[in-house]
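What follows is a pair of complexes built around chain A, which joins chain B in one and chain C in the other.
Up next, the complex of A and B:
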């Protein structure tokens, strides 16, 4: 009996230690209820293709990775970047160029890695010159915004036959078609994720097909979200938040603030690159509209509405806003986006998801239990 | 140590330290912790500090006074590296740190509390204190040092309160606790009691004195209130128009008619 009890205690302790790595003051959700809700939400996403348009949702989930990239760069480290789409686009084009030139499973797998690296390296180059050159605050925003315009203008004029890298013609405004379908692995041991649905039959629902690509994206999104939760709740995440709050103060605690911004910007670029790779793989096509001002603004809108200091907010808002945008289409969608952004900034400056979380916590605790400077809890546990 | 090595090290030392280079060669340590040599800082055509020679000994508690615009905060910002010196040198523990970045100076033992409390308002008191401590302590040691730093700041019981909700005085104390948590050799405080009432001033004075006496931390404290200065420091440096105007015991400085004229507003 006592052995069972001790084993149970050890298991609980292990589970508790494991959970503690995903939790902290820098993320929403520390309760058992949150994690139950999280599992239910992931399960709902997993069965969604049986009921709805999984292809469309896979696009939104791909874009949610782009939203997460801005969340860590802007929301957690205070660097407002309009350039995430630059790294997204470079990731997408790199994937396209490499996969067209090496259209074997091994080549396409390498193209995925090259696309992610392309996003990361381009962010590292831009970030190096900005941060080590002493560029700060709004000037970073301006430079990243200009970068998208430069990329858009440049890629739009690559229509001529001279603009080809090996077999891959960049195609100017017409874009780059015929990107090979996403196949991961090596010759003889590979799996095709696009246009390779497998049939399912569930009693009570009927027959339907599900796409392996959908589940690949879902897995990557959940994995990235959880990985970033570990990052932002780690010691390094605490430094990221400190840099966002006060760069000078953080420097005076002995942290190399320039390096922190450079590293996070590079990581954000790689994440945007991953999003771009999946975007190009899903559409088997890429064109310069990914560098357009509208597309550059979208991540800022998603993250602002969801809550820039919340990873969950970035994901939820990307899915919701893109659903609205695609459903409405046309000029009305743009008006709605602008209105949503204005209302969020004016009424819920911290974003919708943190506001909702606050309401839920207050409802659970009741008024007056939030604590404050005048009512310290002397018995509060000192933990680390 | 070879002759070449000794020569090389002596070359990197400041003027006051150079006087004791022979002692260094024989193994005796100098007590000079910080030395500035002809430090100049210009903002456009305005000279904020002009040829400032200023030194602090190990474990010393020195106050820096002077009228507004005298160059006090500029001098501190030059020492921390927040400002780049136009001319002159800064030596710390005998090494030239003039070209080091601020975070590199911090890693050598210099810490600072800013004039306006710079705590992280969105983070709890505990999260604020963890930030300096996490660099060199983990696990149980980190827990202990965080608790100690909160105790030094007089904020035990406020661990989970957001720093932004604390009063101005509590934020000042928190920032001193955070700066001291780095276990520095030299702590620079820019007007630590500005805007505080008498009780809060006494609490800060007690904390500064305690850190100085118990942990041997050297202090440079900028302050306008001469009563506060007299309560913590014996040695005072007066800056005026960017230059060192007087240095000496607080009693002498207070009774110096020239100091009264430029700083205290008394009759010359």
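Up next, the complex of A and C:
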């Protein structure tokens, strides 16, 4: 795309120039129809609290950020990590510890930053040892899996009073209650996001209350999604995909594969940390179940069902799977989840959203044209 | 002196635990390139089958344990046919749709991990629904030996003997028998093995079944000494994966050596600082091993051997 050529730029509207930053071979959704649908979907999410349980949906959207973090690490860079919840949990615990010790608006804002940094730094440390230590593909997965189990064992035995940081007791299996409500800003100019609903009255629907936290999360989710779209469609994103497709070949082209993996892993850790901060802020509570084996594998489930090479898939599948999981509360929920996972990976290895996209593109183009070499869709994925 | 005996017994215990936990996984992962996250649940099947065979059917303990291994082996074969190679679903879809619907999971490491994790969810929850949160346990046989002021369960010493026996049997099976020869040929070079008349499809199936049977036998052997709950497989996972990664490509030798090294580390640190530090030490040892021996202990030995051959 010749965004830098003067004549090309003059002929194109601002909107299309803006759009081209978000589009490329690495994401689905190139058409005008997609963006119209995207705006409609975001608008639907924005008015959802008027009709349904916004508090629950805000939890799902928080988890969607965790799903996105795995999508860039695994789906785009080829590093399957079972450890995203380690960074998620470290982010959540860091937020809890800092905000309990400094329960002022400025302190809580700093706790958010500390939580994100905690996720990023722990990912950087683990990533440094793994990638610069020459640990390869599947062994990375196993090390992240083992780290999760170790974190779970560790946090579960912190019940004693000696396990306290300042005023914040880690609390072992009982977790850390009394996390202050999320308030951003500095002393005097701050805004409380939790437990501070503002009443709304819409003619025809009636009056209801909406939570500022919901909109904060929605904003962060949409912003993160669009930001990651720019990233994966940038030159750096192309290198990430190249690393996923063939490490040796990418290295031969002169790219520093190790550094790319390290950087993406750290970024993924920070994003998981952000998700963890919001999770702890939403529940005003955090406990070691976030390090449990089941929770550790949930991101892998979301991302593989949605389509690991699709950011949109990660978000949609997180919302859908979590909704299913909550609404099927009961003993069969896990069986169904396992079956869903098994069937998806066996029958639709590339995931549900890319498959749906392919079907849509085929119907739009008609059966004759579909699959043609010049089909203007994104499924012409880099392959070898 | 007494502490020395303590440490030695703890070492034997850790060694047996690691070797038995890793044996089945080492075959399925090390030989076949499938990461079986349902490994813990295969152990669960073996443990539950053996326990139920004793408590419900009244079988003698040794027979019940063999039944546990056998049932898990058959379940492994079923898993291989339906999920890992997709042979049965593909046969049905060939008849009805005229095409394959499942691509085999061999050498698709990440996908095999996700698929077997789905299986593990189903099995754990299935066991919970069917049998509840725990089932009655069988008593630990053989009593205890005592020395000084301590006593130690004889059964745990027997386990160490059994683990060595199993390693030897596996070694014999893969190096001295016709089946082992064919299996290794299949794994080394599938096309050539096929050309030489080996039914590679069946070899994959049987090897997977054998690995599963070993996992089941592990569960059956540990059934008297661990709590019978649906998540019992989880406690084997860390040691199993760490041992396989540290052991490297050669299954039997790798498992034995990593069992020895990691068992010593686990026993020493657990004895001195408690179980938690023992586990942390195990993980750190694995990280260091991966950092300096990326192909595991046996990969390193192989490298040394090659270097010596070159210098001769």
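Some observations on this one:
By our rule, the second predicted complex is superposed on the first by the 355 of 384 C-alpha atoms of A that agree within 3 Å, B and C clash if a C-alpha of one lies under 4 Å from a C-alpha of the other, contacts with A are read in each partner's own complex, and residues count from 1 in each chain.
By definition in this document, a residue touches a chain if its C-beta (ideal position, glycine included) is under 8 Å from a C-beta of that chain, and two chains touch if they have at least 3 such contacts.
It should be emphasised that the depicted structure is a prediction, and the values quoted were computed from it without experimental measurement.
In the superposed model, C is the one of chain B and chain C that contacts more residues of chain A. Once the two complexes are laid over each other on the shared chain, residue contacts for A:104 go to neither chain B nor chain C.
When the two complexes are overlaid on their common chain A, residue A:80 makes contact with chain C while staying clear of chain B.
In the superposition on chain A, A:253 makes contact with chain B only, not with chain C.
In the superposition on chain A, A:241 makes contact with chain B only, while chain C stays out of contact range.
In the superposed pair of complexes, A:135 makes contact with chain C only, with no contact to chain B.
In the overlay built on the shared chain, the residue A:289 is in contact with neither chain B nor chain C. Look at A:338: by the touch rule set out above, it reaches chain C but stays clear of chain B. Once chain A of one complex is fitted onto chain A of the other, the partner contacts of A:192 are absent, as it touches neither chain B nor chain C.
Those residues of chain A whose C-beta lies close enough to touch chain B in the complex are 25, 235, 238-239, 241-242, 245-246, 248-257, 371-373, 376-378, 380, 382-384.
Of all residues in chain C, those touching chain A in their complex are 35, 83, 86, 89, 101-103, 109-111, 113-115, 117-122, 124-126, 128-129, 234, 237-238, 241-242, 245, 276, 279-280, 283, 286-287, 290-291, 294.
The part of chain B that touches chain A in the complex is made up of residues 80, 82, 101-103, 106-107, 111-112, 114, 118-124, 126-127, 130-132, 134-135, 139, 142-143, 146-147, 156-161, 165-167, 170, 178-179, 182. Across the interface of their complex, chain C is touched by residues 74, 80, 129, 133-139, 141-143, 145-147, 149-150, 153-154, 157, 293-294, 297, 300-301, 304, 331-332, 334-335, 337-342, 345-347, 349 of chain A.
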